[in-house]
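Notes follow once the structure below has been shown.
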C-alpha cells in the first residue's frame, strides 16, 4: 500500500537512489549527496517548524509500505528567490498602431523579470517508473494541494510551478538556440547545470536587459514559448485541474511555462473538508454517494501523512478502513481532511 | 566648365527630366513636377531668408554645364533635420558583456531607435549624371554645400549627417526591412516608403517602430549582411563623404538599414582647411608654374557660386589669381572674397 | 420596485441626465449626446447580437418601475483596446542582488504595457445618489457577473475593471504630479479629457517607453500606486468578493488599480444555478433555508432582466413572487438563473 | 625647475605623505602604503612593457621639484579603462518628445547605465600641491600624459576620458548618490566607494545599478543640481582639460554624478598641435629675441621626461634650442628628438 508522508532524515539514501534515476531536465533533484542531505535537513526542520516559513521546503515521499521502497517524491518550497534572484521572462503585449496608416500590430514582448520572487513553489515531482500506473501520479502531484489546504497559513497567497520546456527529440531547445545561445555562447546543458548549482549572477551579467519582441526570434523559437516538454504534458494538466494557470511567465532558457495559482482559489482549498474518523457502520455506507477515490490526510504537520482512500465523508464523518487509519496514524474520533481525487463537474448548471 | 549654384525656377523642367532618370531611391529628388516646384521654391526662400537659428530651410544646389547650360547634378542640404518633428534613426549600440564568474567576455550588437540626429544639418539628394561621375565636379557639387555652410555657419548646425540609400534587391525589396520594420508596418518596403514619403520624422514612426533594442544576432543572416551597406548608386557619394571626414558606423537608417554618415564640422576637411582669399587677376601666365585644383566659392546667398579651378598654390598667399571668366562665373570682382579648398 | 435590464434606445435622454450627474473621474460616462447616442446604439445591437462579440458593449440600466426613473447604469464591454491601444502600467519586480556585498534589493518597476488588450471590461457603473441605500449598490454592480454566468460564451476568459485612482481632497493626483506631468506638461484633467475622447496617440509619443523604477518617484506618488479613490473603496470590495483581484496593473495617469478575474473562476459562474419558476406552494417555502437576498435573472439575452428577490431556489425550483415574475417577464415553468447576493462563508471547513 | 617623470620605487614614501594630505576623493591616489607600492610597481612594469594593444597598463607620473627633489604632484593614465571588466558610466540621453496632435515638443533628460567608455584610455589621479597650482607646471603635469600618448600611440586608445570627482557635502554625502545609487546599494556614499574601491568595472555594478534609464526630472532637486558638477578640488583639472579639448556633458559618474570629460585624440591640442623637433644647443643668447613657453618631452619609456621651457618659437624651424641643463633633465643630447607643444 502507498502512503505519502513527510520526508525523514532516514530517507536520504533512498532519495539519492531516486535522484539518480531522474536524468536531466529537473534542476531541483540532482544525485548530489551534499545537496540532497542539506535539502532533507531543511525539509525535516520545515515540518518541525524550527525554521521560518519563507525558508521552508516541505518534501514529501511516497512510500510503498509493502516493500518499504520509495515510489516517488515531491516538494513545496516556502518561497523562491530570496537568496538568489529568481528569473523569468514575462510575456507582455505591446500594441503598435497608427490611425493614419490604419495599422494595428499586436506584438508579444519578453520582459526579464523577478516578479515571482517570494512565491511558494511546487517542485521536484518524480515518480518511479515502476509505479507509473493507476492513480499514483495524480495522488503524488495532488497531495501538495491538500497539504496546502490543511496549512494555508504557512504559504504565500501566490503559488507557482515551473514546467519543463519543449525540447526536440534530440534534446535541442529551439528557444535556447534562438535566444540564449547568442548571449551565453555555451551549450544549453552547461547553462542548466550552472543554474542548478545556484550560480545565477551570470544571468544578470549576460542576459539582455531590454524587453525583446518575440517576433524577432526565429520561428521555431517563437513556436515553443510557453510550451511544455512532451513528457510534461500530463503533469501540466493535473496542475491546471487544481486551479493553476499559465499566466504568461516562462523559463528564460527553454521558455517552459510557469503555472500560477492563488491559494484561496485552489480546488483543494475551496472543496476539501474536514471529517471525523468514525466507526464503520452500515448507516454511513448507505448514505455515501457513489464511490470515487478520495485523498485523505491527517492534520498533523510534523508527521503529515496521506492516503488515497475509497471512503467518503458524509455529514462530517468518514468511515476509514483500518489500513487507512494505520497508514495515517489516526484513530476513531480524530479529524482528517478529505478531497476527491478528481474534479467534479459543476452540478449546478 | 561647370558651376554649382542654387536652384532657380527656370530649372524645374530640367529637374523633372533628371528625376525621371535618377534612381528610385528615397534620398534623392522628389519625383513629381509639383513636388519639385515646391522644393525649388523652398530653396529660393531659404537662400534669401535671414536666418539666426537653423530651422526649416532647405537649400538645393544644381551643377550646371556652362557649355550647354544643362543641369547635370543636384545636391541639397537641410538646415535642421526633423525640424517639424523628430528625426529617427537606429543607433548602433555595442553592449559589452562580461561575466567574470564564467570568464566570458563578448559584445552584442543592438539597434536602438533614437532621435539623436534631430537638429543636425542633413545632406541629401546628391545626384550627378554619368558624364560627370569621374570628374572633379562631382566632388565640387558634394562639397559646395559645405563651402556654403562654412560661409554661412549661422544657417547650419555644428553637426552634419547624410543618409545613404541601403542595399535593396532587384525588385526594390529590402532584407533589412523584411526582418525589422515589416513586422510592425505590415507592408512591403516600397509601399512603406511611398506611404511615408521618405520622411524620418513622422509621428507614425514612433507609433509603429520598435521601442526596445533590436538585438542584431537575432536577425536573419541576410538582414545582418545588409546593415550599413550602401546601394550601388550611393558609392560615389560615400567615397566623397568619407574623404571629406564623415564617419559611418554610428547610425543606420530605420527603414533600409543603409548607413548614415555623420560628423562634427570640425572633423570636415572643407570646414577645417578652407581658406578665405582675396580675388586677384592673374598676371600673364608664367608657364611651368605648378597649379593645384581648388574648389572656389563666392557669395553666401542666392548668388552663391562654386567652381573648380587650377591655380598656383594659395597657401602662402593672401590672394587667389582667378581668370576673368572664372570671376564672372563666380560673380566676384578683383578684391572680392572667395573661399577655397583643395579638391 | 427596481429592475435591472438591457438598455433600450428610448433610455437615451434619461441616460444623458444621469451622465450629467456623474462629475469628473469616469471617462466612460460623459454627458455628450453624440457619444451616449452612439453607445446606446451599440448596446442595443449587442443585446440583439447584430455586431460581433468583440465590438459589443452591454449596457444595463436599473429602473425604478414605480416612477419610471433610471436609478443607475453599468456596462460590460466585449473587448478593450482593439481600436485604440489600451495602456496600463504593469508593476513588476526586479531583484538587484550582489552576493559579494550581501545586498539584496527588491525593486518595483513600472512597465508601460498593452497587456490587457482584448479583455472584457466592466465599466460605467453609476448609481443615482437617491438610490444609494440598502442592497442597491451591490445589486447594480453584481448584476454583471450573473449576466456573464448566463452568457459566458460571449466573453473572453479575462475580465478587467479599472478603478478610479487616489486623489487628494483637492483633486490633486500625487501619481500624476510625480510622473505624468513631467512628460505631458499639462494638467491632469486635460490629459483625462483627451483620453476620454479616444485621443491616445500622444501616449505613445510622450510617455517614457523604458521601464521605470518606482523608487525614483516622489514618496507621495509611490504611496498611491494601486490605491483607489476614497469614494471607490466600496466598489472595489464588491468586485473582489466576486473573484476579481488586483494583479499589478494600474492606470498610467493616476495609478488606480485594475482588478482582473477569470470568467471560469467567478463566484457567479461557479455558484449560480438555474431554477424553474414554480407555483407558490407551502412545500417549497418549508424546505427553503433561511431567507437571504438572491439575484434572479431571466435567460433571455435580448430582453435581459434581473431582480433582487427573497425567493430561494430549492432542488432546482424557485418560488418567485408574482411581482418578480412580472419584472423578469417570466412565468411558471420558465428557467431563471439565481445567485445569492452575498458571498457565503465556506461551510466545509 | 620642475620635471615630470615616471614614478620610481624611491617615490613611495613621498607618495604616501602626499596621499595623506590630498583630497578624500575617489579618482586620486590610493591611500595605503601597500596600494601605493602596487600602483608604483604596476607603473614601472607598464613603462617597460612591450605593448601592441593597450591592455591593463597603468602609467603613473610625478612632478618633481629639481630644487629639493620633492614630489609636488601626480597624474596617471590607464591604457584601457575597465580592461578586466566593463567600465560603467551614465550616458546623458536627451529624449525628444514631440506630439503633433497636441502641438507639444520638449525634451526629457535620462541617464542610462552604459559601457561605452570601456577600452578608452583613462586619465586619472591628477593632483598638484598648492605651491604649484598656479604655475605652468600644473598644465605640464596634466599634458605630459598626452605627450607620452602622442609619442607612444600604440600604448593607448584613440579616445580618452577623465572622470572628475563630483560635488559632495561637507561630510562626504552625495545628493546624487542618495537619489540614485543608494536605493540599490542600501549604503552611504562613502561606504559604497570604500566597498568598491573606487572601481567602475565591477560585476556588482551591473548586478546592483539600474538597468533602465533614470529619468532626470523625477530626481529630487538637489540631485539634479549636482549632476555634472565638479568637486572644488577638481576645478584646476577641469579647466586644464577643457582647454586641452576635452568635452563634458556626454557622460557622468554612476556614483557621485561628477562629470566625465572625453575626447577623440584628434580633438586634443596636445595630439594635434605637438611638433617633433631635433634638439640643438642654443647659440649665445640674442637678448630681445621673443621666447614662447613650451612643454617639451623626450623618451617614450621609463626614461620619459617632460619640462616647461621658454625658447624662441619653433614653428618655422626643424630644431629646438634647449639649454644644456634642460637637455640633461630631459635625458636627451643634441640631435636627439623631442616632442613639443605650446603651453
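Brief remarks follow.
Chains here go by letter, A, B, C and D, matching the order in which they are written, and residues are numbered from 1 within each.
Methods note: contacts are C-beta pairs under 8 Å (C-beta built on N, C-alpha and C of every residue); 3 or more make two chains touch, one makes a residue touch a chain.
Since we're looking at a predicted model, the values are computed, not measured.
When you average the Cα atoms of each chain and compare centres, the chain farthest from chain D turns out to be C. Interface comparison, A-B versus A-D: the higher number of contacting C-beta pairs is recorded for A-B. Chain centres here are Cα averages; for chain A and chain C they lie 34 Å apart. Taking each chain's centre as the mean of its C-alpha atoms, chain A lies 63 Å from chain B. Taking each chain's centre as the average of its CA atoms, chain A and chain D sit 57 Å apart. Note: centroid distance chain B to chain D, computed from Cα atoms, is 37 Å. Taken residue by residue, chain D touches two or more other chains at 95, 98-101, 203, 207, 211-212, whereas all remaining positions touch fewer. Counting partners per residue, chain C has 94, 97-98, 201, 205, 211 as the residues that reach two or more other chains. On the chain A side of its complex with chain B, the touching residues are 94, 96-98, 100-101, 103, 105, 107, 109, 178-179, 182-186, 194, 199, 201-202, 205-206, 208, 210-213, 215-218. Of all the residues in chain D, the ones that touch chain B in their complex are 84-86, 94-96, 98-101, 115-116, 118, 203, 266-267.
Against chain A, the residues of chain C that register as touching in their complex are 81-82, 84-86, 90, 92-95, 97-99, 104, 106, 111, 113-117, 201, 211, 243, 245, 248, 262, 265, 270-274, 346, 348-349. In the complex of the two chains, the chain B residues touching chain A come out as 95, 97-102, 104, 106, 108, 110, 179, 183-187, 195, 203-204, 207-215, 217-219.
Only residues 203, 206-207, 211-212 of chain D touch chain A when the two sit together in their complex.
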